[in-house]
Amino acid sequence: MKAGVRNRFNGTIKDIKKGTVMSQVTVQVGDNEITSVMTNESLEDAGFRVGDNVTALTKAINVVLVK
Amino acid sequence: MKAGVRNRFNGTIKDIKKGTVMSQVTVQVGDNEITSVMTNESLEDAGFRVGDNVTALTKAINVVLVK
Amino acid sequence: MKAGVRNRFNGTIKDIKKGTVMSQVTVQVGDNEITSVMTNESLEDAGFRVGDNVTALTKAINVVLVK
Amino acid sequence: MKAGVRNRFNGTIKDIKKGTVMSQVTVQVGDNEITSVMTNESLEDAGFRVGDNVTALTKAINVVLVK
Amino acid sequence: MKAGVRNRFNGTIKDIKKGTVMSQVTVQVGDNEITSVMTNESLEDAGFRVGDNVTALTKAINVVLVK
Amino acid sequence: MKAGVRNRFNGTIKDIKKGTVMSQVTVQVGDNEITSVMTNESLEDAGFRVGDNVTALTKAINVVLVK
């Protein structure tokens, strides 16, 4: 897969927390964690499970820099 | 500063590329790079410069997982 | 703090509504209200409470104009 | 028009800055300014001009709170 | 209404799923479905109901291409 | 590839417009067009070209409904 996205992090799903409509998935990426929120339906369609190797993508436009 | 944002990465600005309206800022975060796009005005107001220590923030909702 | 974000509004948190995964925070900004949605974890980590003075940030790219 | 968007601000376009692909539109909203970035094509299709009365919309999920 | 948004799809609401804070609305667009997530408050303010004719908007910046 | 994203459209790239920092890619999807904006670097890394078969993804949270 090639994606038009600047920021990518490979990691492993370490936690999934399901709500009524939205779910939160936490990914271990080296020493850091990255958290993604998606609909429950997206979670189920993709079949994400704790332990899965995944890539976390975020477009450059969604990154805010502060100093 | 406390921010209502799940994902944070501390790093150093290594490159700034200015366009007509938008600028692209690349941040070295450990062995990875994170890229942010913002308006030129935001870049100038914040005064970001190569070598600055910054924190890159992105909300969990903006992270897409793929496997 | 300096942030690479165009739009900022200073106000006071007037309401917090917690869901299972996501929370909604309403901020009084002069005569207007601004609403933010974040994960419960972000809410708790930042320690937002009713009455807190906060700044609401949104990038220019996330603003849609209609006429 | 009814829109599924929490945050709305009525104002007047005070400045338009066109780039190669993206344009920046600044809207005067009371004493504040709100800036929107869109493609040049969206700008032209909507026919936005300085002096137009517009509504600026942003979803709650795109608002970051900091304190 | 004229909106500064590239992508538009006219369709009919076929399903609404309400959570505690967020709701998910599914729109039939020809042979495809488009799903939108918004706050319950936005859903109620706009008064969206199954069977309503709606337009789904998404800015070009929020579209990720993969191949 | 499995992605945690609700909205997907398969199509063919019909136009690419390059700016200084950002590029705009138009995809023909049946009778409709979908437009994506990304950094030039993302465009080049993914190697998108006119005629490529691509999938356009957008998260449900980025879809605004109006009626």
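So that you can tell them apart, the chains are marked A, B, C, D, E and F in the order they are listed, and the count of residues begins at 1 in each.
Just so we're on the same page, contacts are C-beta pairs under 8 Å (C-beta built on N, C-alpha and C of every residue); 3 or more make two chains touch, one makes a residue touch a chain.
Nothing here was measured: the structure is a model prediction, and the numbers come from that model.
Chemist: Any chains in contact with both chain A and chain F?
Modeler: B, E
Chemist: Compare the two sides of the chain C and chain D interface and say whether they are made mostly of the same residue numbers, over half shared, or of different ones.
Modeler: same
Chemist: More C-beta pairs touching across which pair, B-C or C-E?
Modeler: Pair with more contacting C-beta pairs, B-C versus C-E: B-C.
Chemist: Averaged over CA atoms, how far is the centre of chain B from the centre of chain F? Could you give it in whole Å?
Modeler: Their C-alpha centroids are separated by 22 Å.
Chemist: How far is the middle of chain E from the middle of chain F, if each middle is the mean of its Cα atoms, in Å?
Modeler: Comparing mean C-alpha positions, chain F is 18 Å from chain E.
Chemist: Going by the touch rule set out above, which residues of chain F reach two or more other chains?
Modeler: Residues 1-6, 19-20, 22, 24-25, 35-39, 41, 46, 48, 57, 59-61, 64-67.
Chemist: Touch graph across the chains, line, ring, star, complete or other?
Modeler: Contact map by chain: other.
Chemist: Hey, which chains are touching each other here?
Modeler: A-B, A-C, A-E, A-F, B-C, B-D, B-F, C-D, C-E, D-E, D-F, E-F
Chemist: Which part of chain D faces chain B closely enough to touch in the complex?
Modeler: Interface residues on chain D, with respect to chain B: 17-20, 22-24, 35, 37, 61, 64-67.
Chemist: Please give the residue numbers of chain F that touch chain B in the complex, ascending.
Modeler: Per the stated touch rule, the residues are 1-5, 19-22, 39, 41, 57, 59, 61.
Chemist: Help me check something: in the complex, which residues belonging to chain E touch chain F?
Modeler: Of all residues in chain E, those touching chain F are 1, 3, 5-7, 9, 13, 24-25, 27, 30, 32, 34-38, 46, 48, 52-67.
Chemist: Using the touch rule from the top, collect the residues of chain D that touch chain E in their complex.
Modeler: Result: residues 1-6, 25, 36-39, 41-43, 45-48, 59-61 of chain D touch chain E.
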